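Down below are the structures I want you to see.
In what follows, chain A forms one complex with chain B and a second complex with chain C.
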Partner chain A sequence: MVKNILIAIGLPLLAFGIGISFMGFKRKIGARIQRRYGPPFHQPLLDIIKLLSKKSDISHGIIYDLGPMIALGASILTIFFIPIPGLKLLTGSADVIALLYIMVIGSLGMGLGAGESANPNSSIGIARALTLMFGYDLPFVIVIISVLLKYHTTNLYAITQAQAGGHWAMWVLPLSAIVGFIVIYGAMGEHPFDVVTAPHEVATGPMAEYGGKHLGLLFIDHAFHVYIELALFVDLFMGGASNIGWFYVKMFVLFLIIVFFDEVLPRFRIDDAVRFYWRWPTIIALTSLIIVLIGG
Partner chain B sequence: MNMSLMVLLLTPFTGGILSYLGGKIHRSVRYTFAILFSSLTLVELFFYYNKPVNHFVLGKMFGSVMILQINPISWLFAFIVTTISLLAIIFSVNDMEGRGGLDFYYFELMVVEGAMLGITLAGDLLTFFLFWEIMSWTSYLLIIQGGNKSIKAGYKYIIMSIIGANSMLIAIAMIYGKIHTLVFRNVAMLLAASPHGFDIAIFVLFAIGFFVEAAVMPLHTWVSDAYSEAPSSVSSVLSGVLEKIGAYGLFVLLYALFGVSLLGKLMPLRFPSPTIMYTIGWFAGISIVVSTFLAILQEDAKKLLAYSSISQIGYVVLGISIGTSLGVAGGLFHALNHAIFKSLLFFTIGAVIYRTGTRNLSELGGLIKKMPVTFTGTLFGIIALAGVPPLNGFVSKWMIYEALLQKKEVFLLILALIGSTGSFLYVYRLIHSTFLGQLPEKFKDVKEVPFLMQIPIWLLSLGTIVFGIWPGLAMNVIARGEKFFGITPIKYNLYGFPGGNGMGSLKMINISSVFIAGLIVAYIIFALGAKTHRISQYDNYAAGQVVTKDTKYNYSYGFYMFFGRVVNPVFKWSADKIYLAWARSANVFGDYMRRIYTGNLETYSSYIVVIISLVGFLILLGGKIW
Partner chain C sequence: MEKMTEQQFRTIGNMLRKRSLWMLHYCTGCGSMELPAVGTSRYDMERFGVVPYITPRQADILLVTGYVNTKTLRRIVTVYEQMLDPKYVVGFGSCPINGGVYWDSYAVIKQLDRYIPVDLYIAGCMPRPEAIITGFMHLMELIDKGKATGYKRYKENLEYYKENQRKVLE
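This part shows the complex of A and B:
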């Protein structure tokens, strides 16, 4: 019981800490790639504190307020279904397929909130976000199905366990892992898939009207989001980890690759992003699925 | 003799007649009778909750006994019929107010309820077919209540419906010609003993009839017109119930008449399920994806919902066609869930149309501040429709996914999953364009709908939550039904599924309670911050431009235009266009016929003279032409 309470409090803090540290790394590494010194490592944390302690804030209505709350609430919900080293968490209550849909609750809440802000920039941003999601979901579900078929289980913890001892899904299903990486990459909205926020086109899209504590909540949610995407990939393809340290290292390596790509690529047009996902990643994912189907 | 099932069946018909006659006295009498008798039907139905009746002789016709029966599956569908019809009647009271011919409208509404109830209770094909015909005709009469355009839409519906019914009639005649009885059990025995060609012909003929009614592609083309042009409460009945009757028909066909083992003998197995069922699965899968794409690109709220109905019924048919216990349970559960959330959405959109008079999405916007109850209902409806936890649509869709994965039907699984992701796009479009964004000046004085119209919205919203968090409630009925048809039910409990046998586990109560905990944490962070102040919708970021009442500052028209650019090349042709081309060639043919049958007496008499002289000439030749 005490252990459960500790997990319930500790896990969100852990996820937030990991997420926020990666956000800090991103600022720093990005700056170094552009030959700047960059802000301090803990700048994202300072941003959140600043935003939450703003003296004034606007609201466009109840759903506008609820949007960020639903997004954050859903992110906290999601992390309990992604196992971390040594802990099953709630994976017994929802398997990978259910997780796919638990992960979108937040986006839906965010979309509703941004919609009520009555700003066309936000609406366009959400329309793009959903379209992009539709784009990367096709290869993603194929990848997920390949993994589920390979390991004969839909339980994420069991999948992680089956990869113990270096038999990572990455080596067993390399094609699926590549596509999985491209999908995670797009889901995080990095270049060239940053069509959703695209500051020069839609003024940061869904966030256009948000400020103050609302935006603070969204920043916190973003930290969770970074953790969720990376942890899911590590659990699915990199065999989880034996302890938190290794878990962090694996996520960090993954994140480093993502940042390196992100800093040097331009931006897709939204329909080109969808076309991209429905072409090569889908073909590669299908190839991998057929290999699994034939090879067992 | 036990008259009870007869009483149940006659209640809505009686109510229809009484409300028709009562309407001649005063309109309140009409409403009282309609609501009273449809609630009475629901109450009577609950007496059969745990009490199946196998054999209730209704009468005899053409030497075949007509039988009523009730098993848990027909109970489930009868429950859908009576609940949604009752709510539609309540909703119509205000919605249809001020229109002409209301007495007749309520009569039809109750007769269609009775007919659908009759279909679910039928124990033989003759009863089934009789009520099927009553249902087709009365629903046609209901569709054309929606104004000028609806007449054309209704015309399309009735033509396709007659084609479906006639193909069923041929099949029934073929069976009758062999055994002179149409009781389900005897028909099943006949089919088991018949040659394969005969069985397949029967199957295909029946399937055409059910596909039309359930709106499975490619026989769906009547749906988008009929649903959007019919009055809102009729649309809910059409989408919530009539489609389900098609699915029920398919279920009866697959499991009561044929049975999986017989279907397996007819054709070889694919992914351990009979080819014939696998084919139906593919029809359903294609329905799911194609109509999702179409729904995304609609500009008309009710058309969007109509296409989404085709897509959702695809899940029901897909689930039923999988043939495993889990798949069948998922399909049946989704039938119930779809009835709940799709009727809810048709009611809320009906409420919006009632207040604003338009269903064009790009004209609406910002109604959340004016119609909060309707907004809440729509919100629950779309979350359930999109299959997002913790509401009901998720549970049944999840069961269907798991069933597909269990059988390794991966390509159908991809279609099902993609259809669900696509539905996020159109449900967001629906709620955004009506309730979010900027409120047009002309809708400044719009009010919430009257209380009577809110009742269905409240109740159905509650339904999405109840069946979402406690799926065991519905599984109780479904599991008993599966047992009745000789399928071993899967393990379940009140909160979800313990899993096992290749199926994952699900516990809805955990998902919802952790979500609520997460929301509370977020709310605490939110509440600790500074107080917010409300600002007007014109106080908005516009890159320095000042937004006023005269500038339209809203993104609504062509919401997914960029997505259209990706998929439009594929949608240049459609099944509807092919049918319309046939209709045109029939017209041309009719034109030529009209030149012969001019309707002119002199022309006809000259034909007679010509033919008589020709015949006489032939006789003169000795009856030989060559």
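This part shows the complex of A and C:
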């Protein structure tokens, strides 16, 4: 009982710590790629503290206030479904399928909140977010199905256990891993798929009308989101890890590659992004699925 | 004792807050030309946590770069009132101080401080990137000491500012 409460408090804190450290790394690495010195490593934390300590705040209605909280709550719920080394909380049977549904709630919560604000930029941003989700979910679902078929289980923890000893799904299903890697860019909103928050087109999209404490919550949600995407990829394709340090190292290597591409690529238009997702990643994912079905 | 802890809390808050300033640059005049240099690799203002942001709701600093004519003043006031407290205004270049080269123009306002409270001026025509970064450092010092209280002044003297705005805008 006490242990469960400790886990329930500790796991989100751990996820937040990991996520915020990656956000700090991203700004620092991005600055170094542009030959700048860059902000201090703890700058995202300072930003969140500043936003939460704003003295006045604006509200456009109840749903506007609830939107960031729905997104944050959905993110925290998702964290409990992702096994980390030494813990398998909420992992029963078919938890991968539950995960697929829960991961959508965050975007919907943000959509509700931003829609309430009646800012045209927010509306366009939300339309883009949902369209883009439509785009990357198709290849992502095919990838998940091929992984599930390969390991004959719908339990995420069992999948990580099956990859123990270096038999990573990345080497067994390389095509699916590539598609999963491309899907992360859309899910995390990195270049070239940052159409949702594109600052010069839609003024940060769904966040256009958010400020102060609401925006602070959205930033915390983003830190969770970074953790979720990376941890899910590590669990699905890089074989989980035996301890938390090794888990962090794997996530960091993955994140480093993501940031390197993110910093040098330009931005897709929304229609091009969806067209891209439904063409190449889908074809590759289907090929991988056929290989799994034939080869067993 | 209670007052003491509240004071300490506020001091720590200011200390952390000053390292993260999001800037909304209202580029009215030629001053905006200096900002890309400040933001990019050579002078890199992100070292101090100063980052350009897009919408008034997210921003902490309103940077008015250059002359303000009566048409843009209306927008500046709207943008300023949309920002969330604590908010700071930085007058950039000599035009917001005394009109600059537009000192005898009928369409340009001479002192920005009469219409919205300005916390800091960066003088010069144009100020060099070093001057801008020094200005931001000075603003951080003011925030740390709790002296950048323009948003409070605007609330207290709302009648005065509104009167001045009305004189020009109507």
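In this text, the second predicted complex is superposed on the first by the 294 of 296 C-alpha atoms of A that agree within 3 Å, B and C clash if a C-alpha of one lies under 4 Å from a C-alpha of the other, contacts with A are read in each partner's own complex, and residues count from 1 in each chain.
Heads up, the rule we're going with is that a contact is a pair of C-beta atoms (placed from the backbone, for glycine too) under 8 Å apart; a residue touches a chain by one contact, two chains touch by 3 or more.
Bear in mind the structure is a predicted one, so any value in this text is a computation, not a measurement.
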Joint occupancy of chain A by chain B and chain C, clash or fit: fit
Which superposed partner A:I58 touches (first chain B, second chain C, both, neither): both
Superposition-derived angle with apex at the Cα centre of chain A and sides reaching chain B and chain C, degrees in steps of 10: 110
Which superposed partner A:I49 touches (first chain B, second chain C, both, neither): second
Which superposed partner A:Q161 touches (first chain B, second chain C, both, neither): neither
Chain B versus chain C as contact partner of A:T287, first or second or both or neither: neither
When both partners are placed on the shared chain, which of chain B and chain C touches more of chain A: B
Touching partner for A:P39 - first (chain B), second (chain C), both, neither: second
Partner chain in contact with A:A203 - chain B first, chain C second, else both or neither: both
First, second, both or neither for A:L215, with chain B first and chain C second: second
Overlay on shared chain A, then closest C-alpha pair between chain B and chain C (Å): 5
Chain C-contacting residues of chain A that also contact chain B: 53-58, 121, 203, 208-209, 212
Touching residues on chain C, where the partner in the complex is chain A: 13, 16-17, 19-20, 40-41, 44, 46-49, 51, 53-58, 60, 83-86
Complex interface listing, chain A residues touching chain B: 8, 12, 52-61, 63, 65, 68-77, 80, 90, 92-98, 100-102, 104-105, 107-108, 111-112, 115-121, 123-124, 126-128, 130-131, 133-134, 137-138, 141-142, 145, 148-149, 152-155, 203, 208-209, 212-214, 216-217, 220, 269-271, 274-275, 278, 289, 293
Residues of chain B touching chain A in the complex: 366, 368-369, 379, 383, 386-389, 394, 398, 401-402, 405, 408, 410, 413-414, 417-418, 420-422, 424-425, 428-429, 431-432, 436-439, 496, 499, 502-507, 510-511, 514-523, 525-526, 528-535, 537, 539-543, 553-556, 559-560, 562-563, 565-566
For the chain A and chain C complex, residues of the former touching the latter: 27, 31, 34-40, 43, 46-47, 49-50, 53-58, 121, 199, 203-204, 207-212, 215
